[in-house]
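In what follows, chain A forms one complex with chain B and a second complex with chain C.
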Partner chain A sequence: MFEAIAFYLFATLITVMFTITVMTSQALYALTAMAAGMIFISAFFFILGADFLGAIQIIVYTGAVMAIYAFGMMFFDTTRNVIEKRSNPRFVIVLGAFAAVLVVFIVLAPIVTTNLEAHYPIDLAVGNTQAIGMVLFTKYLVPFELAAIMLLVAMIAGIVLAGKKMDKSLTLMAEEEIALMHASSVSETLEEGAH
Partner chain B sequence: MEITLTHYLVLSTLLFAIGLIGVMRRKNLLMLFFSTEILLNAVNIGMAAISHYRGDYTGQMFAFFIIAIAASEVAVGLGLLIVWYKRTGKIDLDQMTSMRG
Partner chain C sequence: MDMAFIIETIVKIVVILLVFSALAGLGTYFERKVLAFMQRRLGPMHVGPFGLLQVAADGIKLFTKEDIIPQNVVKPIFKIAPVITAATAFMASAAIPFWPQFTAFGYTVHPIVADVNIGILYVLGVMAIGLYGPLLGGMASANKFSLISAARSAAVFISYEVISGLSLLAPLMMVGSLSLVDINNYQAGGIGNWIVWSQPVAFILFWIAAFAETGRTPFHLVANDHEIIDGFGTEYSGMRWGLFFIGEYANMFFISFVIAIIFLGGFGDGTIAGAFQLLLKVAFFFFFFLWTRAAWPDVRPDQLMWLCWKVLMPIAVINVVITGLVMMF
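Here is the complex of A and B:
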């Protein structure tokens, strides 16, 4: 009974929040509605008994990803609206719903008749976090390491792309060169101001 | 009134449809990234629900890797978006026509 109430409450909230994210024209509304939707999704993970996944959802999505988006929004002129021409909104909605149903059908069609066996059955004797750790560090160790390498590559890519003056190393240059670089950058900004 | 796996899969489909509508509707690139996050989260709900109702940890494992992929996608994508904005001053999808397609 309580599970049903929680399910319908959070399903409604998530649907409303994500609809606001998709439909609003204000970037800040979209960001905050999205963060709220992420928190509500973690409630589903707690209902489903995936406690560790729910905690990760809050920490990674609403903590890290939303912070990166808020950081990125500082770079952009979000008050200026991008003109979104709505050529045929009903067509887009029908096409989106059809594609989503098609994806579910494609995923479920091969397994709906077969009787699936659990590869790593849920053990209620140990907690969710402990069991996750045991499966992750034995059966899924190689994908875990690959995910770690992928995150490292993504971090370096983010630093290189978003950072400026990455071609010059401040630790390896002499004092005179740094002073020269600062002087040239100051003169550049002065020239830009003059233009 | 028991909640079954079908309820969760219908909700997952609904959220995936909302995300797809956003991907097709949005012309602002930042909003396009938001829509992709909605797509990934919709799949995560389905994964966790299947993991619970089938009694298997595999679904939760895949949800973890999806979260890791989403985090790295945001880092690289936003870095590229910042570079594009510095070069052109626009984040409009319709004006990214350098290949004249």
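Here is the complex of A and C:
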């Protein structure tokens, strides 16, 4: 009974949260609702007895949404509504609804006729965390390593993009030096433009 | 699920809430006294004996003060932000074993609300959500200083989270379990079995990360009084501000419990002596939070990020690799 109550409670909460995320025109509401929705999803893992995945869901998504907040802070005045340009709202609604139905169809089509059964049923002798480790390092080793390589590539790319003037610290420089640096970079771009 | 279990859990939750809310209040008193003695002052003296009732006076003031919500703030977010900080601090405590199990009136009590087998991940994860409080409060406040504080809290969060996770990895590899009870039992053999002796580097790193996690002085840049007023708390008043405070102090106590359990043997073999030793260890770590506040200056945000990413993270990774090699051969 408790499981059913928890399931319906969190299902409703998640749906409401992500609806707010999509519908609102206030950046702070959208971000907060998304963070809440992501954290509420972890409840499903806990209900299903997958404690490890539940905790990982919380840890990963608090950090990830935190990074989106940082972008939100840079791009918007988060205390005001974002004025969206809606040239053809009906078209957007029809397309959005169609995409949503399509996604549901794609996910459900292969499994709607079959009776779902666990490929790797819970082994009570082995703990939850160990079971994930076993599956991850045997059956799913290649996808796991590929994901690791992808993250490494993304990390190196991030460092290369962001690390251009890493040897200089704006905080430690005097005002004149910063002005000089800006002037020289501006003249450089001008010269490049002239060539 | 039987009724006795539900009642027991509710009783435990209420006890933890009451004890740690009260301790958070007393924590402010200890902090003021310790800071005062270290700066050759007397601290609170006038309300009650040795100023002990100062806590009650502060409480009355916080509860009865007018709750001001400024005009341009984003109201729902502004209102919910302090609740997030306080609530997540107490939610995180659900997986902390505060005391060895004991038998009272023929009934065995486990002083842990939810003995999940991924305890430490849960505690750290939920504590991490607590940083949403300063972030949301700062962003919703329509105040430049609050916004700076919110930006800093995002930067601090992303930096320290890596250190606390990586530094814990090495001891967890040795124990082979994520449950705080298992970690405690691994060190039940006495002082020679404490993980701090085999993982001193991880201990120091996690301790540093704990300061960033609770936002205490060397890394107090989220609400640095002399730069950005009170940061995210600038626009808050009354009990909403008090909730931020309770959250911060409860977090200090809970992280002290976590450090003591993971690295310093916890409650040992589960006797009463072991339990009181745990309380002593927690008291030491709490005192250390206050001590650093009196003795150390604050670092700049860029210095914190430099420290976390360029110094502590490589050390933590090397520590994990060496631990792995030693365990393999």
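As a working rule, the second predicted complex is superposed on the first by the 105 of 195 C-alpha atoms of A that agree within 3 Å, B and C clash if a C-alpha of one lies under 4 Å from a C-alpha of the other, contacts with A are read in each partner's own complex, and residues count from 1 in each chain.
Definition applied: a residue touches a chain if its C-beta (ideal position, glycine included) is under 8 Å from a C-beta of that chain, and two chains touch if they have at least 3 such contacts.
Quick caveat: nothing in here was measured; it's all calculated off a predicted structure.
In the overlay built on the shared chain, the residue A:Tyr69 is in contact with chain B and with chain C.
Applying the stated contact rule after C-alpha superposition, one finds that A:Ala100 touches chain B and leaves chain C untouched.
By the touch criterion defined above, A:Thr19 lies against chain B but remains apart from chain C after alignment on the C-alpha atoms of chain A.
Number of chain A residues touched is higher for B, counting chain B against chain C.
Of the two partner chains placed around the shared chain by superposition, chain C is the only one that A:Gly127 touches, whereas chain B remains out of contact. After overlaying the two complexes on the shared chain, residue contacts for A:Phe137 are found with neither chain B nor chain C. In the superposition on chain A, contact is made by A:Asp51 with chain C only, not with chain B.
Judged by the touch definition given at the top, the superposed model places A:Thr32 against chain C, while chain B stays out of reach.
When the two complexes are superposed on chain A, the residues of chain A that touch both chain B and chain C are 52, 56, 69, 72-73, 78.
Residues of chain A touching chain C in their complex: 2, 26, 28-29, 32, 35, 39, 51-52, 54-56, 58-59, 62-63, 66-67, 69-70, 72-73, 78-79, 127-129, 169, 171. Against chain B, the residues of chain A that register as touching in their complex are 1, 3-4, 7, 11, 14-15, 18-19, 21-22, 27, 30-31, 34, 37-38, 41, 44-45, 48-50, 52-53, 56-57, 60-61, 64-65, 68-69, 72-73, 75-76, 78, 82-86, 89, 92-93, 95-97, 99-101, 103-104, 108, 116, 118-122, 131-132, 135-136, 140, 143, 147, 150-151, 153-155, 157-162.
Chain C meets chain A in the complex at residues 1, 72-74, 76-77, 80, 116-118, 121-122, 124-126, 128-129, 131-132, 135-136, 139-140, 142, 147, 150-151, 154-155, 157-158, 161, 165, 177-178, 300, 302. Those residues of chain B that touch chain A in the complex are listed here as 1-3, 7-9, 11-28, 30-31, 33-35, 37-38, 41, 44-45, 48-49, 51-52, 54-58, 60-61, 63-65, 67-76, 78-83, 85, 91-92.
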